[in-house]
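Two complexes come next, and they have one chain in common, subunit A, joined by subunit B in the first and subunit C in the second.
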Partner chain A sequence: MSKSLETLNGIVQLDHGSGGRATQELVQKFFFQLLDNEYLLQRNDSALLPWAGGSMAMTTDSYVVDPIIFPGGDIGSLAVHGTVNDLAMQGARPLYLTAGFILEEGLSLEVLGHVVRSMAGAAREAQVMIVAGDTKVVPRGKADRLFINTAGVGVVPPGIQVGGQYARPGDSVLINGTIGDHGMAVLCKREGLAFDREILSDSAPLNDLVMRILDGCPRVRVLRDPTRGGVATALNEIARQSGVDIVVLEESLPIEADVAGACEVLGLDPLYVANEGKVLVFVPPEDEELVLNLMRNHPRARKGVKIGEVTQEGAGRVTLKTGIGGHRVIQMLHGEQLPRIC
Partner chain B sequence: MKYLHEYRDSGLARSLLKALQKRDYGDRSLRLMEICGTHTVAMFRLGLRQLLPPSVQLISGPGCPVCVTAVDDVDRALWLAQQPGVIVTTFGDLMRVPGSCSSLAQEKSRGGAVRMVYASFDALQVARDNPHKEVVFLGIGFETTAPTVAAAMLQASREGIENFSVVSMHKLLPPAMKALLDGKGMDLHGFICPGHVSTVIGAAAYEEIVLQHAIPCVVTGFETLDLLQGLHLLVDQVLEGKARVINQYSRAVSWEGNPAAQKLLGRVFEPADAPWRGLGVIPGSGLKIRKEWQFLDAASRFAIPRMESREHEGCRCGEVLRGAMTPPQCGLFGKACNPETPVGPCMVSSEGTCGAYHQYHPED
Partner chain C sequence: MSKSLETLNGIVQLDHGSGGRATQELVQKFFFQLLDNEYLLQRNDSALLPWAGGSMAMTTDSYVVDPIIFPGGDIGSLAVHGTVNDLAMQGARPLYLTAGFILEEGLSLEVLGHVVRSMAGAAREAQVMIVAGDTKVVPRGKADRLFINTAGVGVVPPGIQVGGQYARPGDSVLINGTIGDHGMAVLCKREGLAFDREILSDSAPLNDLVMRILDGCPRVRVLRDPTRGGVATALNEIARQSGVDIVVLEESLPIEADVAGACEVLGLDPLYVANEGKVLVFVPPEDEELVLNLMRNHPRARKGVKIGEVTQEGAGRVTLKTGIGGHRVIQMLHGEQLPRIC
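The block that comes next holds the complex of A and B.
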């Protein structure tokens, strides 16, 4: 593992931020090894901490998306959604957020106002409060307009135990809607690509949906939002954490026609494109129908669908079955597919 | 974007596949080469290789422009990226290709002015935006991309943009196909001819190859049904002992090709001998910038020194590019050479044969 970091000549490259393998190596070698503690090493979207007889979830995230305003959202709403979702993926009810702003000299106050109003709206919708913050201004050229760092805490209701390490052979893998929307919305905006219709980001808070699912089916094993690195990377992480193999059915993957078209044109695989309002749900097979029904009754999961299943205990291999009956391995993202989408 | 589904009909695809599986091949073993990297990836993505009968073998050819770029050319690009006042612009694929001791991505991380662009006209925009810098575009690609580079050069000339120049590393596919057939021990029975390149050069471009070598050529599209129909058209010809050019991809490719693009190419470039990684220098297989456009040629604007380039020991990209071996047969594959730390160019590019094997079938 350390070998490839050394052969990269001892400097950080953009690959290290892709969310794929290089990121994992960097996190492993520096953060896990040097900051080593049992909570950090849970390796989930947020850490579960003992608290008042139950547990509390805590997370942090940074937002550097370019452009800062994109179809379907902006860096402010994205920061709230991303943080709320990281907490929800642990089965936690998000309560309080913080926000640190790094502003570049010259940023228009109108843009800042737009972003903060958007954060306020997103926080209201997700029923969380932004209770503390910090502001830093750096000289022109030392940041790109506006970066946001957040932290969030939430409480996990008793009896809930979800995490990437709990997938079991036989589990059904469900998703709440189409994949690749956020990444393609941002990319098309940034590159000035226009298709039949504007592609909208799916950026949305998932805590209410997750709460409904867990209330109806506490046996859910894994919840994971496939953000950077897309569905492919999220499934690989879960497969490894749980020591299982996963098969995905290509024909069942929900992809918006415009997103599929844009991916074709740009040579991208929607499986690796980021989502900001999607959740992968692993449930025991007997709960599949129940959870699909719960999902389809919620506005954030009308197109909820099964996309695959956990086949066996294994080395963490994710395979895709193609329409003609062939198969191919789905690996983690290596290299950078899309720069700065969150 | 409504034309994708029709060409991915899995019912129809399965019946085409079944027909291929049921044919009587006798004791023949058909070696069919897909030239184009996009075909290689499309076939891997479908999982097509393992579904074909054992008598039909797919061999990947040299049709990934990044992969066939000589180390020498990469080193020249690296030299340019190290010059003060120069911004090097390039398609993303070339960023990670290792030269003798660095790559453009590494130069960029060290502060070198290297910018990834999606089109040659984006590079021209970089030149407009940075009038006090020299902006060099690394022209890489086959007949498909070369006309867009020619168009950008003409535009630069019209606008009098003086700080823009191009390194032409463009390559032509038909001469490489001939070189492959002239080589020893190749034993190929048919070509799946590239779809995109053929939109420019036309299906007629393969007539000469068919005449000289009596090998069937089928210009093929990239969707599931395209690939399967293309294979049928090739297998039919081989088994019936015929050899002609068939254009399966007629919805995009005409017999004559795109005359406007060909005219652009001819106006700005002329054929020249060019070095291919793994294949050596192939006569008439490159495009150099014509004399009258020399002022846009980075090779004459900069005194680029002779490179003492060396390929990595043990790298077998050359043999992989000729279809003489498959990536897993290389000792470095998946070990010293992987997508994070690629040793050879075939592992870097998303359309490189090694990259495709590693991505989709790492254990085959």
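The block that comes next holds the complex of A and C.
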């Protein structure tokens, strides 16, 4: 069992930022209960809000990744991708982002320039605009170089209904490619671990891919990007929100050999490692082939595969079916597997 | 002259967070140039965006105030008021906010609870909802207890046209009360300075006041909240955006005796000290009395007064006319007068 808030001596611990169970407990107790409103309590990647007779999605994330620059990306591109993707997961077309910078005195302006240029490039690629910003500076030692918050809004087209609460028994669970790349890229860079090839983050905008999937198959039930806490935690969240059980086929999980190797060396389970360019797609079984084809025709989903299915209504249990026919319950992430991964 | 970016040894300095000239140079070079788009370049408190056939305002601010809790407010209420006010300054009706928390390992959960409850109360009072959030945790020593980012969106009613670029010669410059309270409240608390009475921050939501002013006088030209950099910096920004000169009457400036005393002791000019519940209102001279009456009938503007006027088209010069008939040019804040005031 994870430590409850009461046993934590009344202070914030690194666990609370894991994206797993401790985060959920903290968020439940401090944010959902105190800031209680129907939109916040939707518990999806972004809030779905009424606006001018239509629907708007809105979301925010702060980025504290260490190191700031890592193989395959940096805190700037990550801050754009993360928020664009959270909007896309609601079926929204992302339009406008804000960016709030907290700079530590002494940060290199060259690094800042690199990061902001990277944000600009990521925004162009995702076809969003950064329309408002803010800059704060704190004295040396009061922050760690550079933190970025992005918030974003997007238009939700009429007729779209996706969310973690819509998984149904029989649904196929698809993913657009390999898992664990982002977390291992950041960790290996931070810890100075070298493997045969450098592991690259998968950080990427998913809005174009999602739009094509939804255009081709409006019956998609759930879209979720398995970031902090990884695929295991995302599936647990969905299983609970929908009141269903999910089975994942271990041998179908796409994992790069280098990522698998690094995870083994470090004793990490790739199911819990963060991704920043992946999306879990739940579709009715009759749409599975259609959606897999849509995915494989898109550059962000060439390796799209089915990794599992929703078996039945239930208490929200996620099970891994291993190659030799065994079963293992996959729980939500306990504790902090990888701090400051995003 | 302020130090240029080139002379800063290529690193971020505290000056860059002042809200004054160094901030503007940094923002110009790194954000406006690299993230260039028509909305970002509006340079108002929030961006005015097309949405669903109407207009939306969107803004963000990160809050790093030290101490977290100060007389008259805390980082939570401040984070709501600041973003609500930035939306109101665009004539928008604030609707939805997001909140991103960066927590330092070891932060007291009691303090966190206090802050979030305070946010909830501030949101209720301002009639906005916090609809999405995010929590990150960084190890001890990598942040300073608690930083909060809020972003917000609001609906701009048809026919509203306010902005820093609309000041015209002849306009009266009004303010809704005393200046310098927030900055001095935070500074005195942080430095342990005791005066006869405790100075209270003026942190407050201004959206209801602004709505009543605009309802009663749609011809208002400029609304701006003089936060970091104070009244002097805000007036300089407006003067430049509109290409006009502004004269401020020193004896009309409302300053609490305690604030004036504290400023004198500390060698600070209250014109440069941050406010978090004040709005500068530019109106055509024929509407001055109307708007002053609207203000004085509202609890957030009982002490509303005229403090100056727009004299002519010009290069953006702001002049203080002293009691004995002298004139002094008031420039934008140079350097960092008060770090971490918001």
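Methods note: the second predicted complex is superposed on the first by the 339 of 342 C-alpha atoms of A that agree within 3 Å, B and C clash if a C-alpha of one lies under 4 Å from a C-alpha of the other, contacts with A are read in each partner's own complex, and residues count from 1 in each chain.
By our rule, a contact is a pair of C-beta atoms (placed from the backbone, for glycine too) under 8 Å apart; a residue touches a chain by one contact, two chains touch by 3 or more.
Keep in mind that this is a model prediction, so the values were computed, not measured.
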{"item": "Subunit B versus subunit C as contact partner of A:13, first or second or both or neither", "value": "both"}
{"item": "First, second, both or neither for A:261, with subunit B first and subunit C second", "value": "first"}
{"item": "Which superposed partner A:98 touches (first subunit B, second subunit C, both, neither)", "value": "second"}
{"item": "Partner chain(s) touched by A:191 [first = subunit B, second = subunit C, both, neither]", "value": "first"}
{"item": "Partner with the higher number of touched subunit A residues, subunit C or subunit B", "value": "C"}
{"item": "Partner chain in contact with A:21 - subunit B first, subunit C second, else both or neither", "value": "first"}
{"item": "First, second, both or neither for A:312, with subunit B first and subunit C second", "value": "neither"}
{"item": "Overlap of subunit C and subunit B interfaces on subunit A (superposed complexes)", "value": "8, 11-15"}
{"item": "Subunit A-touching residues of subunit B, taken from the complex the two chains share", "value": "1-2, 4, 8, 10, 13-14, 17, 44-51, 96, 105-106, 109-110, 118, 224, 338-341, 350, 359-363"}
{"item": "Contact footprint of subunit A on subunit C as seen in their complex", "value": "5, 8, 10-17, 23, 26-27, 30-31, 34-37, 39-40, 46-47, 49, 51-54, 56, 58-64, 95-96, 98-110, 112-113, 116-117, 119-120, 123, 129-139, 141-144, 147, 149, 151, 153, 155, 339-340"}
{"item": "Subunit A to subunit B touching residues, read off their complex", "value": "3-4, 7-9, 11-15, 21-22, 25, 191, 195-196, 251, 257-258, 260-261, 264, 267, 321-329, 331, 334-335"}
